[in-house]
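Each of the next two complexes has subunit A plus one more chain, namely subunit B in the first and subunit C in the second.
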Partner chain A sequence: MEKNLYHNKKLQWLTYLVVFAVLGSVPLITDDAFLLNQLATYGVYGLLAVSISLCWGSGGILNLGQGIAFGLGAYGMAMTMQMQSQAPGTIPPFMANNALEELPIFWEPFWNTGLGIVLALLVPTLFYLVFGGLMFAARVSGPFFAIMTLAILSALATVFVALQPYTNGVNGISPPGALMIGEVMIDPYSSLAYWVVFALLLFFTFAAKLLNQSRFGLVVRALKDDPERVRFLGYNVAVYETAVYALSGLMAAAAGASFAVLTQYVSPAQFEVGFSIGIVIWAAIGGRNSLLWAMLGAFMVQGAQSYAGDAFLNTWILILGFSFILVVRFLPGGFAGLVETILGRVAERKETEEDFDLESAKGATK
Partner chain B sequence: MDISTIAIANSLILGLSIASIFLVAAIGLTIIYGTAGVINMAHGEFIMLGAYSVYAMQAYFGVPYFLCIPIAFVIVAAIGFVIEKLLIQHLYHRPLDTLLATWGVSLVLIQGTRLIFGSDPKYIQMPGFLASNIELGGISLAAFRIFVIFAALALITLVWFVFYKTDFGIKIRAVTQNREMAAAFGINSKQVYSFTFAFGAGLAGVAGALFGVLNIVLPTMGMGYVVQAFLIVVTGGGALLGSAIASVATGELQSIFAMILNDTFARFLIFILIVVFLRFRPQGLISAGGGRR
Partner chain C sequence: MKGDMVGGFLKIRNLEKSFGGNRVINDFSLDVTECRLQCLVGPNGAGKTTTIDLISGRQNPDSGKVWLKGDDITGLGEHEIARRGVGRKFQIPAVLKGLTVRENLEVAYSRDTNVIRNMFSLKAKGCAQKLEEVAAQVRLTDRLGAEAGLLSHGETQWLEIGMVLMQDPEILLLDEPVAGMTENEIDLTVDILNRLKRTHTIILVEHDMNFVRKIADIVTVLHMGALLAQGTLEEIEKNERVRAVYLGTEDAH
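Our next item is the complex of A and B:
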């Protein structure tokens, strides 16, 4: 029997349900369009933090380039939305400005909304599968892998800037209209958009939670502690690592696609190194080992940035940097680790009290 | 000589110049990573601090450029020493966490610099004779870039000398190979790590003193160097010679690709090549000696 309430599975699920019930009830309380859009954007950040928690917290794969899938997903969705507003046979204005006469071949599939969305999710996932497969098969891991993801990220950013005629370079793509699914318009400033992000967040968080508790998740957590031993037990470590990495990529791609829907804008800024490491900071401050806490970490940091950040504009990054250093130094488990320790202490005290009662009831004889 | 040979020779020379910049950027990181196993994400900011030290020395005290270079070494080494004592020392057994903590350090350093010096670009004055272009048979290169090439050679000689010809170097190598055994022979490994980190940071400061002339000085100027420097270190395997070879190889390749394609795709291609290379040789060209903690 688990003594520490933090490890109680039923209680964990209950906490997840309560948190998501609160998140889901937001549109019932407010209809402030700006607030809904902002909170939905936080939902996207939360989803990113969950994706990092899955591959870093559970799998021990530190991924400093989550912006790869996020950015690719966002570009895919923005391209889809751009083509929706385009009359058949025409090309987006920025292409004409860059002296292109025909639609580039890789833009063609985005005429079809369904296919465009599938590509927005599939391309980043496949990229992760190939890149992760290459790296993990070579047993590149830990810090090395983190550096490689960083390298790929900055390489992608330069390519997207350089391909001006195809991606509109630094300016990025800003589709003129909101995303239409059939006859339904997903207005970014509506409760519908909020629900969509909420549903994605709910689905992926619960799926990841189930995955963590499955046999697959057990192997993944084992290989975080000691990949060599897992390999000796006959598991193909590279396959597990690639799978977790690609899954987190799929989640980040979904986050990216939602981000493009919410902001109607995408640019190489999504590939910025600072942003990708920011995701890791959210997960670290919240607690990388817990999906839920990682998500709350994103809410806390981003929320503090929007509200406190305006007050001390210049010192905000200083505060963020220092708090990150302090968390890494003194609270490696983030807030989740803190809660776990406190609940553990409570359980211990209870236990000793019970023991003491038992002892005294027996008359303290051995 | 026809035009194409000149073009090729030009791009080879330019490649050498790029290689020297890579090497100067990576040399401090190689030492910190190769000996202490610390993934120092604040390395780019150490470079930035070096550039700002030179700027401050010139602007406020009128110190001549060549004297600024050793001063930049001392200032950044001192900052590195303090950071090591306060933070890094407690994280040696958690390599991934050093990566994260030093990222936090880099955020603080960037913003701190921005608060002190402002975010407008600064410029470093260099001696007039380095500002010219040197031409030789159709090949031309800025004199300062030639100076950087020689600086890279000088730095690598310096590091080699420190590592292989001094008592401190013997201690560093002993601690790298086997910390416990070194400790048993009376070497204070904690102290050795602190000084190694400071030494690496100081070398980054020298790099900053050089790069501040090549580019404008900005609080964010370090960001571009850190990824590149890490790729050199990872490709090289953490050893000094490995980093040198990796710098020359990637520098020359990038210059040749840039001649055929363009600069951006050259860089992209290098990244891809490094990924493929690491697929087949994950330990890098020459893996640093001794067991890693």
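Our next item is the complex of A and C:
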């Protein structure tokens, strides 16, 4: 029955494979270190957009505070990298400048690189599990949940600025060296760093795509429509909402950790409200209901910002806001919705043409 | 105190519920026998839908108890009550409008509700076969690919009945399942319900006495949130008190 090619599952997977093949071949084409680093950063933004598509597009949970997991993940990774460059028993210089004499206890685990990376991913995920669990069990949803995520995001930014001796406040942490995994250095300006981000983006996008097609994904899409109805089918809606929110948090944490590796810098700017809302705009412009298109939306907007943003300076934010309004008004499904509509029209036209052919063939035999 | 099984697959005792000082359910008790179709009738505002809400966990009673197969289910969450085998169809048909008919039926096949296991499962065991069967039963086989939001009113009613059938609960709570259906569609529903009640227990809220006549084993009349009368349809129709408050004077001549 399904004629619209957009809904053809095989073709969807094929499109994902082609796009990722193109993304994966970039380091084979160029060895421009600056470009590779920039494109890897886009990969991080793409991963953030995919994480928003999972919780907002699939689950209908509008999350304006994805910077929570992104920032926590970035801080975890930066702390790990910072401790890699410390001689045993020393403390980071900014702590000494802030009159600390000993390493704070919550910094201790970051001596160990493996543990540090695990914490960078685990702490934000657990935060999402607890916060999401509390909210969804109380049936907080829609705009109320979005406002709560904004509030937590702003609170975290304030906390990280206020705890100057432990976090270096607004200055943030800039580890002196690149991340070392065993003997291997992940130079942010190298094809290796690009591959790492690419591998993460590939893994999480395909995992999320599989998840969307699983029974779990079906229940999540159902509860986006009518959580009440889904409850009466025997599903614990709060658990499903918490799970999809925490999984999107894990992805954002991985994006944050990669971001710290790529920029060797983290600051409370990662908790900025504008940045988190930007992620939602990328996904909306690309198409929040499609993981792939949300990712492409991040590439488009950030790419345009890098090049057009330089030319337009502060006007850029106005252009971005205006394009968001245009998308909401005329393309509610983003570019993904546009492609879906076009392919639907093509399928319809084909169908009527076939009917017409059939009619005329009948006429001929008569 | 544990509800004994005698006389009750579902057992309701002294249920009370008020909304803003307005007593909607007033000391209501009911026993539902296994594999019977019991109709809840009564004038508007008698508390029929509220009774269904209280059984299925959408509302919690102020006092009173509900037992299912001897287990106290009062105050449990909706999903917990559903897992114990209570399925529900809403008065205003509640289907998942953004999903296709097929997806609606698939999600209603809720044998396994575990979040982790469902992450690693693409298809539920036995779902495809059941889906084919139910789709044929509710005459939606040709509409499986359609978006549920685009169905006609009658089709939407069928889809929700189909969802309840996919869920295959032990007891079905159906709130006006034939509202807005044509005569043909009603006849088909009667067929399905008469077959279903051999293996399932059904509580049905209904206004249409002609429909009730075709399916009901037992009729329970509610008035002002309390039980007014109970018995077979014949007994109910002869009952003077029922005639006075519900069937109205025009039927009393």
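Please note the rule applied: the second predicted complex is superposed on the first by the 361 of 366 C-alpha atoms of A that agree within 3 Å, B and C clash if a C-alpha of one lies under 4 Å from a C-alpha of the other, contacts with A are read in each partner's own complex, and residues count from 1 in each chain.
One rule holds in what follows: contacts are C-beta pairs under 8 Å (C-beta built on N, C-alpha and C of every residue); 3 or more make two chains touch, one makes a residue touch a chain.
For clarity, every value in this text was computed on a predicted model and none was experimentally measured.
Participant: Are subunit B and subunit C a fit on subunit A, or do they clash, once the structures share the same frame?
Facilitator: Because the two structures are overlaid on the shared chain, the partners are seen to fit without clashing.
Participant: Where does A:L218 make contact in the superposed view: on subunit B (first), on subunit C (second), on both, or on neither?
Facilitator: After superposing on A, A:L218 lies in contact with subunit C but is clear of subunit B.
Participant: Answer with first, second, both or neither: which of subunit B and subunit C does A:G114 touch in the superposed model?
Facilitator: After superposition on chain A, A:G114 lies in contact with neither partner.
Participant: So in the superposed three-chain picture, is A:R229 touching just subunit B, just subunit C, both, or none of them (first/second/both/neither)?
Facilitator: A:R229 contacts subunit C only, not subunit B.
Participant: So, A:V140: does it touch subunit B (first), subunit C (second), both, or neither?
Facilitator: Touch status of A:V140: first partner only.
Participant: In the overlay, answer first, second, both or neither for which of subunit B and subunit C A:P176 touches.
Facilitator: neither
Participant: With both structures fitted on chain A, tell me whether subunit B or subunit C touches more of subunit A's residues.
Facilitator: The partner with more contacted residues on subunit A is B.
Participant: When the two structures are overlaid on chain A, which partner does A:P93 contact: first (subunit B), second (subunit C), both, or neither?
Facilitator: So A:P93 meets neither subunit B nor subunit C here.
Participant: Per the contact definition in the header, classify A:I152: touching subunit B only (first), subunit C only (second), both, or neither.
Facilitator: first
Participant: Between subunit B and subunit C, once the two complexes are placed on the common chain, what is the minimum CA to CA distance in Å?
Facilitator: Scanning every C-alpha pair, the shortest subunit B to subunit C distance is 13 Å.
Participant: Across the two complexes, find the residues of subunit A that touch subunit B and also touch subunit C.
Facilitator: In subunit A, nothing is touched by subunit B and also by subunit C.
Participant: Could you list, by residue number, the parts of subunit A that touch subunit C in their complex?
Facilitator: Going by the criterion above, the answer is residues 1-2, 211, 213-216, 218-219, 221-222, 224-226, 228-237, 239-240, 243.
Participant: Quick check: in the complex, which residue numbers of subunit A touch subunit B?
Facilitator: Result: residues 62, 131, 134-135, 137-140, 142-144, 146-148, 150-152, 154-155, 158-159, 161-162, 273-274, 277, 280-281, 284, 314-315, 317-318, 320-322, 324-325, 328-329, 332 of subunit A touch subunit B.
Participant: Which part of subunit C faces subunit A closely enough to touch in the complex?
Facilitator: Its residues touching subunit A are 56, 58, 77-79, 82-83, 87-88, 90, 94-99, 103-104, 106-108, 110, 112-113, 115, 118-124, 144-145, 163, 167.
Participant: In the complex of these two chains, what residues of subunit B are touching subunit A?
Facilitator: By the definition above, subunit B touches subunit A via 39, 87, 90-91, 94-97, 99-101, 103-108, 110-112, 114-115, 223, 227, 230-231, 234, 262, 264-265, 267-268, 271-272, 274-276, 278-280, 282.
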